[in-house]
Amino acid sequence: MNAIEAKSLQKVFITRRGFWRQKRKSTIAVEDVSFQVEQGELFGVLGPNGAGKTTTVKMLTTILLPTQGSGSILGHDLVKDTREIRKHIGFTFGGARGLYGRLTAMDNLRYFAELYALDPLYSKKRIPEMLEMVGLLDRSDDRVETFSSGMQQRLHLARALLHNPDVLFLDEPTVGIDPVGARELRQTVKSLQQAGKTILLTTHYMAEAEELCDRIAIVNHGKIVAMDTPSALRRRISPESVVEITVSQENAVVIEEMIKKLDGKLRMESISSLTEQHYSLFTPEPETVLEALSPALQTRSIQGLQVRNQTMEDVYIAIIEETSLNA
Amino acid sequence: MNPVIRWLRLYFIQAWFSYRALFAWSTPFNYIASKLGFPFFSMLLFIFLGKYVGLNDPVYIVIGNILLLPSLNGVMGISMTIGGEKQFGALSYLLGSPAPRSAVFVGRAFFHIIDGFVAVLIALPIAILVFHLDLEQTNFLWLALSVLLICITSTGLGFIMGVVTLLSRDGWMITSTLALAFYVLIGVNFPIELLPPVLKSISLALPMTRGIQAARMALNGAHFAELAPLLAGEVLIGLTYIIFGYALFRGVERISFRNGALDNL
Amino acid sequence: MHNFLRFARQQISVQLQIRTFNLYSLLLFFIQPAIFSAVGMVLSRAAGNAAPDLVYTVIGGGILGMWSGMVFTSTYDIRSDRRDGILELLIASPTSLRRIEAVRTFTNITASLVSLLVAVGAAVAIFHFSFNGINIFRLLLAVVILLYSLWCLGVFLANFLAWSRLSGSLVDFLELPMAFLCGFMYPITVLPQWLQGISTFVPVRWALQALNATLLKNQEISQYWFHIGMALLTATIFWLTSLWFDRKVHDHIRLTGELSSI
């Protein structure tokens, strides 16, 4: 049995514009999303803003009803068995909303513990454990309105884990969290997976997705446009390497002339600043590019040079651009 | 651009956008319900309350409640518009902009003044139809001026309550309670002469009290000479509240630069 | 049962902290009812009465305060939950929204009882209202039925409020009409017959008739039980309707996505 199953999920929102003669407008937030997540898997969902990631998560967490399609969590139907599903899932959404500011962190967790019908003796032990796990135990008696957004985000994770759910949905969990805190959170997510939980994670941070996820789905315009392991996704674009070159603005013209001679053998992206020009050359033949640039190397016209494999970010951007062009 | 023209542009453009933002989510039914529904039913409650205690002529109460309509825009509408800046997280951007505060802050009132005036224009014919209000004696010019004055002077209280709404999480509730207090304090349901001396002093210190009295007199055909003292008093009080409201906002803004009062809540 | 009591205790505690113990409630439960009573008292003086009617003008103000308190807090609960992103979390929890709202409404009404108690206190302390000759059992029963009526209405309204972002305005629109149609501050017989007919299905009207007539000591026993019976019946109809409505609301807001204000 799969932990999560989505079959042709679709979500259309109707909005109204105007005041006296209101016009109805349909917005397709999710057009057609299908995937399965095995138990114990850490599944990533990437996509640009407005791609439909959060809407998909909201359908799978029973907050929204799909307009079409079906799904299940641990074999329970999304529409018919909502109550049962809710006992077995935990979820967080990015951002600081969703907590009672006037209550303390402890009281907020007590409140949600009751909503999840947790045994009081269990809650008494579990709440401090969760607060400690997210690094908020020393702030447990402070009102949530005094917390930074990162702290509120961490409190949400504690809330989501209170009832020890089998399936976790984490919608951009590291947004607003500092790098050290984010690393700790990633370690926590990894350990949760090792403890047997199934996790669906949405994120904008490619490195995070690559580090954590067993498989990644890339969503664009409400559809899944690619889905595979991170290494397979990298290979999917093409076995390209990236030659990164930094030159001064004065030497940029010379370098570009050299690069033009390689036209057809590579794809180029460039970023310029006041004093420097940076090129990223995507090519399956990095040695050819290096050979072509060797005169510049000898005259020390190149300030910086690096050859690397494509990152997840490169892959993601390439796929998104490709699918946006085709859309 | 000429600074005066710029100021005027800013005044009218942001006045329109802030007014629209208040009602952009609404439907015509909601709009009419909030504008006329609540005041209409409060009026009926007081009419029947009056009938129960022995006041069989509802006209005094009807007129008073119609003249109160602008205050809902002036006080509630403006305080919600200003308080809404904080609620929607736009206040920091507003305070961080170079826009002249007078245009931005005082401009909030413009469309609420018009809205309040229009509400009275709609309510009067309804009152004539339903309650057989007799306008034969009415001096319409001075009635219109009195009503317009009420619309304008009530905004002074609106600005003050707007600042309260910025500072306090419960500001909306404080404003609601103040709006209810008008039923007692400014001559809506009964002459202020019936109030105990302390309350009567408060009443005379509020905007709208004299404006409502002047409007009632204009309905009965009074001329300028009889109305002048009341209108002058209303102008003076109204200006005082508007200037004070603006000064309060600027003061709180300065304090907020030091202690983040407007940013944190 | 034990679980429900524990849940209820928790909900009540949170609700009191968030809604009741702050300036908001002071204004809602004390000052707003006093304003309505003040209008009644001055109108009474304007009509040449030596003293105000204590039952309708003074105590009636307290009852209006209870009603406003219940409507305001229930409206505010849903609206602020929606705005703060908490409504989504409540819907997605295993505990039904109906159960949550039932306990919240109970808390709101119990808290707003303060308005009535203060009004009665004022009537006794300031205006020397006397409970001599009043059947205390009937009075207390009428108060309990009034609370039950308000609770059933409140649960129904809470469901309705959850239905759509715009339904809050409709509830605001209902607040004063209910006060005017149900005889909060005057006997319902003051209204024309056709207006009296409108509130036939509103439980608060019947509960108030039982309560006020008990205070005024001018009611036949059979009439009293008729009013109590009608209040119970109509209140229970509202409660049953909200049970039926609950499922529809649950599915509707998840379909439209109006669980959040963004």
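Each chain carries a letter (A, B and C) given by its place in the written order, and its residues are counted from 1.
Here, contacts are C-beta pairs under 8 Å (C-beta built on N, C-alpha and C of every residue); 3 or more make two chains touch, one makes a residue touch a chain.
Just so it is clear, the structure is predicted and the values come from calculations on it, not from any experiment.
**Q** Which chain's C-alpha centroid is most distant from that of chain B?
**A** The chain farthest from chain B, judged by C-alpha centres, is A.
**Q** Of all chain pairs, which one counts the most C-beta contacts?
**A** Going pair by pair, the biggest contact count turns up for B-C.
**Q** With chain centres defined as C-alpha means, what is the inter-centre distance between chain B and chain C in Å?
**A** 29
**Q** With chain centres defined as C-alpha means, what is the inter-centre distance between chain A and chain B in Å?
**A** 49
**Q** Which residues of chain B are in contact with two or more other chains?
**A** 26-27
**Q** Touching two or more other chains, which residues of chain C qualify?
**A** Residues of chain C never touch two or more of the other chains.
**Q** Which residues, counting only chain A, touch chain C once they are in their complex?
**A** By the definition above, chain A touches chain C via 11, 13-14, 58, 61-65, 67, 83, 86-87, 91, 93, 95, 97-103, 107, 110-112, 114-117, 120.
**Q** Tell me, which parts of chain B touch chain C in their complex?
**A** Going through chain B, the ones touching chain C are 25-27, 30, 33-34, 37-38, 41-42, 44-46, 48-55, 87, 168, 170, 173-174, 176-177, 180-181, 183-184, 189-191, 194-195.
**Q** Give the list of chain C residues in touch with chain A in this complex.
**A** Per the stated touch rule, the residues are 3, 6-7, 10-11, 14, 17-18, 84-86, 88-95, 100, 251, 254-257, 259.
**Q** Chain B touches which residues of chain C in the complex?
**A** By the definition above, chain C touches chain B via 22-24, 27-28, 31-32, 35-36, 38-40, 42-49, 52-53, 56-57, 83, 165-166, 169-170, 172-173, 175-177, 179-180, 184-187, 190-191.
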